[in-house]
Amino acid sequence: MRIGILTGGGDCPGLNAVIRAVVRCGIGSGDEVVGFRDGWRGLLDDDAVPLDLAAVRGLLPRGGTVLGTSRTNPYAIDGGPARVMATLERHGIEALVPVGGEDTLGVAAKLTGEGVRVVGVPKTIDNDLDGTDYTFGFDTAVGVAMEAIDRLHTTGDSHHRTLVVEVMGRHAGWIALHAGMAGGATVVLVPERPFDVEAVVAHCLHRFESGYSPIVVVSEGARPADGDLVTATGERDAFGHVRLGGIGAALAALLEERTGREARAVVLGHIQRGGTPSAFDRVLATRFGLAAVGALHEGRSGVMVALRGTDVVPVPIAEATARLKLVPLERYAEAEVFFG
Amino acid sequence: MRIGILTGGGDCPGLNAVIRAVVRCGIGSGDEVVGFRDGWRGLLDDDAVPLDLAAVRGLLPRGGTVLGTSRTNPYAIDGGPARVMATLERHGIEALVPVGGEDTLGVAAKLTGEGVRVVGVPKTIDNDLDGTDYTFGFDTAVGVAMEAIDRLHTTGDSHHRTLVVEVMGRHAGWIALHAGMAGGATVVLVPERPFDVEAVVAHCLHRFESGYSPIVVVSEGARPADGDLVTATGERDAFGHVRLGGIGAALAALLEERTGREARAVVLGHIQRGGTPSAFDRVLATRFGLAAVGALHEGRSGVMVALRGTDVVPVPIAEATARLKLVPLERYAEAEVFFG
Amino acid sequence: MRIGILTGGGDCPGLNAVIRAVVRCGIGSGDEVVGFRDGWRGLLDDDAVPLDLAAVRGLLPRGGTVLGTSRTNPYAIDGGPARVMATLERHGIEALVPVGGEDTLGVAAKLTGEGVRVVGVPKTIDNDLDGTDYTFGFDTAVGVAMEAIDRLHTTGDSHHRTLVVEVMGRHAGWIALHAGMAGGATVVLVPERPFDVEAVVAHCLHRFESGYSPIVVVSEGARPADGDLVTATGERDAFGHVRLGGIGAALAALLEERTGREARAVVLGHIQRGGTPSAFDRVLATRFGLAAVGALHEGRSGVMVALRGTDVVPVPIAEATARLKLVPLERYAEAEVFFG
Amino acid sequence: MRIGILTGGGDCPGLNAVIRAVVRCGIGSGDEVVGFRDGWRGLLDDDAVPLDLAAVRGLLPRGGTVLGTSRTNPYAIDGGPARVMATLERHGIEALVPVGGEDTLGVAAKLTGEGVRVVGVPKTIDNDLDGTDYTFGFDTAVGVAMEAIDRLHTTGDSHHRTLVVEVMGRHAGWIALHAGMAGGATVVLVPERPFDVEAVVAHCLHRFESGYSPIVVVSEGARPADGDLVTATGERDAFGHVRLGGIGAALAALLEERTGREARAVVLGHIQRGGTPSAFDRVLATRFGLAAVGALHEGRSGVMVALRGTDVVPVPIAEATARLKLVPLERYAEAEVFFG
């Protein structure tokens, strides 16, 4: 079988581990594997690279993706799907393993409708894809955020300051929830639960009273219940390009005013997306790659691999990407036990 | 409610996080919490310490257990159970949260029979307890082993040497399996699958031929299919006390002879058990602690908390500890894809 | 001898290690040690705490300072010096070990003039204090920044983006220089060398042409040769309190415009100041503490301890703090070898 | 100029950083660089590889050496020097940069006598080469050992056990000294100071009495003052090949007997030699590489580069390798302040 593989969307630790697993497993089973560069763009532009064993040596611990990535969507481009089909035909690709999030897998689902055999691998650092317990990259991002929080604790306490840590999560607060629980945050704010500024202030003051300094972990997509703090404060940057600061900076400014104690924001940004994957993510990404090839060998299509408990199983792409996986109330309630 | 808590068996990153969660959640719900020192010994000898919020401050990132631990079994001691019951009565303990492995939870199950309300928290760094997808501490141990393997890769390649890494796992090979997959091992040997020395030698030679050096990850309990390598080679230490070397050293010696290339063994030992827990383990341990208190509040007894998928649920202790959770064939087959 | 100790200025990994060393060494030699809270404020307000062996147990690996810190300057307060002298007398303090930067040591130097026996310990995370080869905390900060850069490399390459990393360093570029050299930066910009925007753009474009993505490491105090980029772009935050973004955000915006490729900024901020010290910093901080007590025992005063090669020696405070230690041309030239 | 480079002796984090710096700096100055594989063996067997910019991309953070290493000594082989000279001539090598320890640099010094222009780069993970304040790799090894000790502290305390950590250092105790100081060891034992078993036992007992567990850090080359513990106990392995255990295992066994408390040994072995270098080592290795090329351009020969304070300077090879740099009494006395 000739298998094509591509990686789309934002960077995520574990992408290279998936590529390596698909190649090692495919070649071990007598398949050939072709990589397409920069997500769907590689299929539009016929930018391909043959992947043999030598090409994937040493990839396991490396962050990023040797195939590059993009947010190109062939269905948003005139004649895009036809160009993709032509490329597939030109390379004799019999099956495709797209690795990506909602957008990448959405394209994959549509291609299935056109007769392409597809087994997707889910990827979202935010862990907000329904249908799988976890996606790779998430554990690494949480670990990076937790280590930052660990470091900030002592500095906050020494300086008697509030420290606000802004982590990734536009729509779902999983990184904030896990990093906040793991780091011992005073408050965790997530997009799913518009927050009450008064309550946040009260938790911070309570923390100061007990002789320690508050650490507030906030998802980039979290917002106050009454109005948008970021819009309200006119937050924007010099050129309108770089979105630094956001809710983290606005919240730090607000908490400084309201608590009467200095506050500082730390925005982790891309550090959460890069670098060597954690052991959990390397194992998960590797198993996803193996399972994708296995599913192709079993003649599956239109599915993506998913973690359910300790098993990796195929699930329909459409079903899995139908809605975002949000932080449920009861999980947030667990974090609330430690507020203040 | 007055809740007693104790930690038994071997050290494990996350024990302090469980203690903290039980205390924070208990006190937040109006309970009182009493700690007993050194596992069941603290209940035999009435060695207790009240646990308030101040007592658990800063515990989350710390390895070890502030309560200490031991392997004392009250049922192995004349009058032991009666002494335990007397201590519980003296302190007005209405419910007990023992944190430990098979042995500790076995005692807990028996105490339930004597009318003590018990909700256990499973703990085994080897991840070999049935009834829960994962136990805390395992992810940290795998991470420590993976980082060691990452470091050894470059040294092996520079020196053209075989490196054997012995990891924990007397009966179950989970740490070897995950660390080996995450670290890109040439071969992974686990107790569940007696290994063929010829096959291991062949994988190592194949690896040398491709221009790189083999890394063999071996569980301390792994053995060759034909006879016990460790016994056969007369491996033992000076005083018969310290069991260093074991299968790792024996295997390195054997591979050196059979491949004609130098081989060295690294025995990670206690480093895998100590130190700050990973984010995964801090979250899991915290959730276990919360769920234990929750189960007590719901009137449960004779259960332990367990991870199933992303949920923490109560399961009968007896059922969960009835048999070891071993590495199944299909999981080992995943690792084999990367051998050689 | 009764020794007083205090920590002033910004947080810095290794402060606790100094405190521990002074206490262990002092008590081992028959001295008594008293800590004053929050830098010179503790001496103004008589906020003291006796430091025995138990008080410093476990401090070595912990970031921050158990004594707290502040930027209070007794000489900026009416009657301040007299209040300090009164506190010293009240506690029978015969010698003082202030741990801090230029400001803290400046106060120390003045107190010497009033007859107080003082041996200072230099502290600046920026490594910009003259008279000592290195100060503790610097190596940890460089390590944190380097790990972030390591993580960003793969993400930049996968996304074909410029990443700008803003590190600490208002007047001296040591952190940028070392982290940039250690992280393999495409360009390093320091306060000592106003930069040419055209040259930075050219280096970034050259890097893109070779198939990789540029990483620009910039000190917070670095500025372009022609005008202040930060002021020019009107960079400021919502409330005027939180100084996030700064040169990093402005430079990313500029590079995005000029290279035609997306650019993102990462501002490491307080993460560089907190958390457990590196081995280098723990050893240096410990040796500084020992040497301070040693110098007091030898009857020295008006000096601070300093690293010269591998030796820790006393040097006059005044001399050591007379001017900032800036990155010299030849050190910057070393970094330039790797630009582009 | 055509520059040859080779790496000899044991693996050491930073070797690749030296190679990269020599190539980047050399090519930037118009030189050509040729690498020889596996130390002096590559010159004996004419095993060469041209090193251009692409060959050294991504090398900075990687442990090991892309050139491989060996302990081959051409002067120990009949006709060896002549074969080396012939290879140099065949490749038109005008200058040689050997990177290695005493042995490798010893060969270099002899070659200088035969008219070869040589600027050496010192390398010893043990930091025992005279003439330079530090060698790269040492800081990384100390960091690895310190992290292990950090992890062991909590496990020792939880289990009430003595933990013995054996680190590298056959003749010099620098790794033990620094890792022990940084990790807060109860006792540090080095080859330079034959130890008194009674004193070690006393320190351990004292530590247990204060409620904590002892951690003993011991260099592989440390020995008791009265007789050799290792020989005395008949320490050896199954085949006589693998030297695991050694002083660490023997000492743990002895301390278990003498203190009446369980003791365990951890032998860090090759983990200390491999993996990504610390920031300190990456900067030092890079500067060594730059300085070596710089010295060649200045017409120097028979020298090696060395760190003196914050400067990298050339020093005569012969002088620098004349004797081992041992831990002096006063440095050991610093560590002793914290014993017990």
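Each chain carries a letter (A, B, C and D) given by its place in the written order, and its residues are counted from 1.
Note that in this section contacts are C-beta pairs under 8 Å (C-beta built on N, C-alpha and C of every residue); 3 or more make two chains touch, one makes a residue touch a chain.
Chains and their UniProt names: A, B, C, D = Pyrophosphate--fructose 6-phosphate 1-phosphotransferase.
Treat the numbers as computed from the prediction; the structure is a model and nothing was measured.
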Moving step by step through touching chains, the smallest count that connects chain A to chain D is 2
With chain centres defined as mean CA positions, report which chain is farthest from chain C.
B
Looking at where chain A touches chain B, is over half of the residue numbers used by both copies, so same, or under half, so different?
same
Looking at C-D and B-D, which one has the bigger number of contacting C-beta pairs?
B-D
Roughly how many whole angstrom separate the Cα centroids of chain B and chain D?
34
Euclidean distance of C-alpha centroids - chain C vs chain D, Å
30
Which positions in chain C are in touch with at least two other chains?
150, 276
Can you give me every chain pair that touches, using the contact definition above?
A-B, A-C, B-D, C-D
Please name which positions on chain B make contact with chain A in the complex.
21, 24-25, 28, 57, 60-61, 133-134, 139, 142-143, 145-146, 150, 178-179, 181-184, 212, 276, 278-280, 282-283, 286-287, 290, 308-310, 334, 337-338
Touching residues on chain A, where the partner in the complex is chain C
7, 10-11, 15, 38, 62-65, 68-69, 144, 147-148, 150-160, 163, 233-235, 237-239, 241-242, 244-245, 248-250, 252-254, 256-257, 263-271, 273-276
